[in-house]
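Two complexes follow with subunit A in common, the first pairing it with subunit B and the second with subunit C.
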Partner chain A sequence: MALIATYAGKKRTVQLGIALALVAWVALDATGGGGEGWARVWARLPILLTGNGSGWPLSGGFALNVFLSLCAMAMAALLGTALGFGMLAKNRLVRVPCFFVMNFLRNSPWLVLLFAMLYIIPFNVRLFGVSIAIPAFAKAVIGLALPTAANFAEIIRGAVQSIHSGQWEAARALGYMPMAIYGRIILPQALRRMIPGWMNLYALLMIATSLATVTGIQDVITTLNTLLAMENERVIVYFYITALFLFFAFCYPLALLARRMEQSVKGDSL
Partner chain B sequence: MFNLDYSWLADPVYQGWLIRGTLTTIELAFASSAIAFVIGLFGALALTLRIAWLDAVIELFVEVFRNTPPLLQMLFFYFTLSTVGLRMTDPATGVSVPLLSAFACALISLSLFGGALCIEAFRSGLDSLPRAVTEAARSLGYSRWQRFRRIEAPIASRICLPALTNIMTNQFKTTSQASVITVPELMYYAGQIYNDTFRTAEVMILVLFIYVSLVSLLSWGMVRIERVLAFPGYGKGA
Partner chain C sequence: MNRTDALIELDQVTKSFGAFQVLKGISLAVKDGEAVCIIGPSGSGKSTILRCINGLIPINSGSIRVGTHEVHKMKTEKEMRPLRHQVSMVFQQYNLFPHRTALQNVMMAPVQVLGHDRREVEARARRLLAKVRLSEKADAYPGQLSGGQQQRVAIARALAMEPQVILFDEVTAALDPETVKEVLTAIRELVDEGLTCILVTHEMKFAREVADRVCFTDHGRIVESGPPAQIFDAPQDPRTREFLGQVL
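Moving on to the complex of A and B:
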């Protein structure tokens, strides 16, 4: 036990060392000509984060990625729940098509699905004689929500099926109705197992919002490309590192939290 | 509702593009998966050595590549590798050109991304090895490397085959993002075709089906391989 503790301690020291080395390297680079690059990044950071030079109102940039991921996740939760319970249905006519849809969406690349939605969904729809334009943002939300929904559904199915069959049998023996078995016995247990999976999925979705640049919305990558068109070649590296760091800073804590929750859920299997 | 017009598909030029694009996609996916596999194997092996600094470095590598968009990674490699210094002078024209092609950049970035995922997969595979197996190997006098090559790697790779299948299908799907840095794969040619024909919806539907069938075929094949390779007593065959 003492050995493990010192090993973890040693590792933490090394990690701290790496972090310090990175800071030192950046500082050294800054004194040797990189300072100008970081100054450019610093000047443009409000645009990169909010799509707006003064930082307010939020109109794009990384803030749009976050908003896009939240919208897509909400939509995926609705679709995915329907799909997930469809896959758990007893009726084959419901179950088989749901499986087919889930597999189709899971096996298609996010980017291709996004492109497909961009072109399949019409530019505007006529509803009761009123022409409504569909904004690129809505298409991006739908395009990202579809594969997320399939993964969401798979998490629901996996978690519900991981509940020991004894729970079902006991509930049935106690005279619970099928809906009550789900609502009072299975789902409360399964939910604990779904949440870490959903968090990982959300992190994955956040990463995938970078693809939404193909729809032309002013997300962080579109903004980045616009900005880079005005910068010289040497500075590009600093901008990319900044953009990568934005995503990392958002997704890494989520991944850590999900892992910790997974560990805590692991023990309570029955 | 839709007026789908697939008459352009009869044109041998477009057929050639689609086939060439599909082949490049497959090539990129398999090559990057193979390199990712090797990175994962050696990364996970390095983790078993329990050297604190190596462990920290590998963890940093894995977390950075797992938590940033592969699209940005690809753009980063594509645009920075050439500015950082990997350039050569073209002997014919005397112009300084990037040393690495778009394909090479995509291959490097996808391999590292997949490698990070593979390290995680192999690590959990090695972790789930029963202690008795490694202890038995040690008592039989296997050296560290022999033990890994003959005992641990064969069992662990079977345990984590389902995870590897996931990574491989993911690699396949991620190759579509290489079109952004002008790698001439399926997505790229799809763009070329609809720029020519303006049949955007038709092209995208077809390409979507090509990708889904390729990935489905791959995962079906991997499930077959899993079944053939399964050791009795380990994994799902138990």
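Moving on to the complex of A and C:
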């Protein structure tokens, strides 16, 4: 207990130190003309956030990253659930291919998968004689959803397999059928262990949406690059710090919440 | 013993895990209302015998009959459902469902598996919790209960299925010495009421008091069996003598 207390204390000191150093740097920098840089950022902030100079309607920028991450997560949840239960299947013919797909997707660089989608998915598809254009946004969603789905599936598998085998045994001894065991006993317990993992995964996915600039969508990075072409070189660093902070401010609370949930789940069974 | 009036009958049961033969021909007959204790060193296959009886693990050869059920012929969980209704099991590690309260743990299977009326099951569950002296803990989650309390909930859960037979697998082995007694008291009452019980136990004093018959297992065989007085006071086999010498 004492060890944990000192660790938490040290951590808080370090965090405080970093925060103070940041404030000190900004203050010092402001005396040397940094205020001007922040003023430029402030003037462009609506475009960075929404892709729109007046801030409305939402047409890109950071809002598009958020939307992209939500779409990719939804798709990953569907694919990942199927893949996850495929890996838990009794039948080898189902299980082995699912493992293969999961490992392949999980061990590919996200950027490579995005580029691959860009070139594999055609610009147009013909369906019943109607030609449908596939927007870059859809490719970005698919490209990001694939590796996320693989991680999503692995979280499901890990959580289900972390449930003590005695739970299966007790349920079988009470006459439950396999599907009912999943539905009534294993999944309700495993879900509590999955949710923090999924939240961490979502935070990672959100960070990875910055890669989607390679598909040419008007996300915050693309917007940033367009803006920077018109800006003085000295202010560039302020824009990048701002972009960094946007992602941090979005993802860090999620990670914190996930950590807290993980701790509350720990030791709750057996 | 006349074999036909046995409720449970194992005949030359063998079981291997991979190349390792755990059961090397187990034959055992248990009459209705009888309490049989299985004792023996750890790893001798005691738990495996119990798990074979209610079909949790399939056997390699031999036959197992429980009432009219031919366990060795059953392949699917669905076929085993009537068997599981008839034979309940209590585990060393309790294995309560941690996401459900004590009362819900007791009620779940009768409602969800047997399809009994919920109100009737709730009355039964409360009666059983009272029987194991845990009425006031009905709404507690397993994590909030002591080991002995959890084990008594597990016994109530097994009883709620209204089984003909209960298998107890070292149900006191994970408990503190003080709480062992409360669990043994609950089991003793069941034996006295005439429920058929097979108990794997290390509590020799308890075995001597409640058992109609004691079986000593070693290396996958039943080495010796008989009334407790005979096994404990006049063991025939040297292995039994050695084992009892160590534990008594």
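The working rule: the second predicted complex is superposed on the first by the 248 of 270 C-alpha atoms of A that agree within 3 Å, B and C clash if a C-alpha of one lies under 4 Å from a C-alpha of the other, contacts with A are read in each partner's own complex, and residues count from 1 in each chain.
In this text, a contact is a pair of C-beta atoms (placed from the backbone, for glycine too) under 8 Å apart; a residue touches a chain by one contact, two chains touch by 3 or more.
Just so it is clear, the structure is predicted and the values come from calculations on it, not from any experiment.
Asker: Which term applies to subunit B and subunit C once both are placed on subunit A by superposition, clash or fit?
Answerer: Verdict on subunit A: subunit B and subunit C fit.
Asker: Would you check which partner chain A:Ala208 touches, where first means subunit B only, second means subunit C only, and both and neither mean what they say?
Answerer: In the superposition, A:Ala208 touches subunit B alone.
Asker: Scan A:Pro188 for contacts with subunit B and subunit C and give back first, second, both or neither.
Answerer: So A:Pro188 only meets subunit C here.
Asker: So in the superposed three-chain picture, is A:Gly166 touching just subunit B, just subunit C, both, or none of them (first/second/both/neither)?
Answerer: Touch status of A:Gly166: second partner only.
Asker: Tell me the contact category for A:Tyr119 with respect to subunit B and subunit C: first, second, both or neither.
Answerer: A:Tyr119: touches subunit B, not subunit C.
Asker: Of the two partners subunit B and subunit C, which one touches more residues belonging to subunit A?
Answerer: Tallying touched residues of subunit A, the top partner is B.
Asker: In the superposed arrangement, does A:Thr81 touch subunit B (first), subunit C (second), both or neither?
Answerer: neither
Asker: Touching A:Pro109, do we find subunit B (first), subunit C (second), both, or neither?
Answerer: Only subunit B; A:Pro109 stays clear of subunit C.
Asker: Contacts for A:Ala180 in the overlay, against subunit B (first) and subunit C (second): which applies, first, second, both or neither?
Answerer: Touch partner of A:Ala180: subunit C, not subunit B.
Asker: Please give the nearest C-alpha separation between subunit B and subunit C in the three-chain superposition, to the whole Å.
Answerer: The answer is 19 Å, the least C-alpha separation in the overlay.
Asker: Can you list the residues on subunit A that touch subunit C in the complex?
Answerer: That would be residues 164, 166-167, 169-178, 180, 184-185, 188-189, 192, 268-270 of subunit A.
Asker: Residues of subunit C touching subunit A in their complex?
Answerer: 51, 54, 56, 77-78, 80-81, 84-85, 88-89, 91, 93, 95-99, 108-109, 112-114, 143, 157, 161
Asker: Please output the residues of subunit A touching subunit B within their complex, sorted ascending.
Answerer: Residue positions touching the partner: 7, 10-11, 13-15, 17-18, 103-104, 107-113, 115-116, 118-120, 203, 207-208, 210-211, 213-214, 221, 233-234, 236-237, 240-241, 243-244, 247-248, 251-252, 255.
Asker: Quick one: in the complex, what on subunit B touches subunit A?
Answerer: 2, 50, 52-53, 55-57, 59-60, 63-64, 66-73, 75-76, 79-80, 83-84, 169, 172-177, 179-180, 187, 190, 194, 200-201, 203-205, 207-208, 211-212, 215-216, 219
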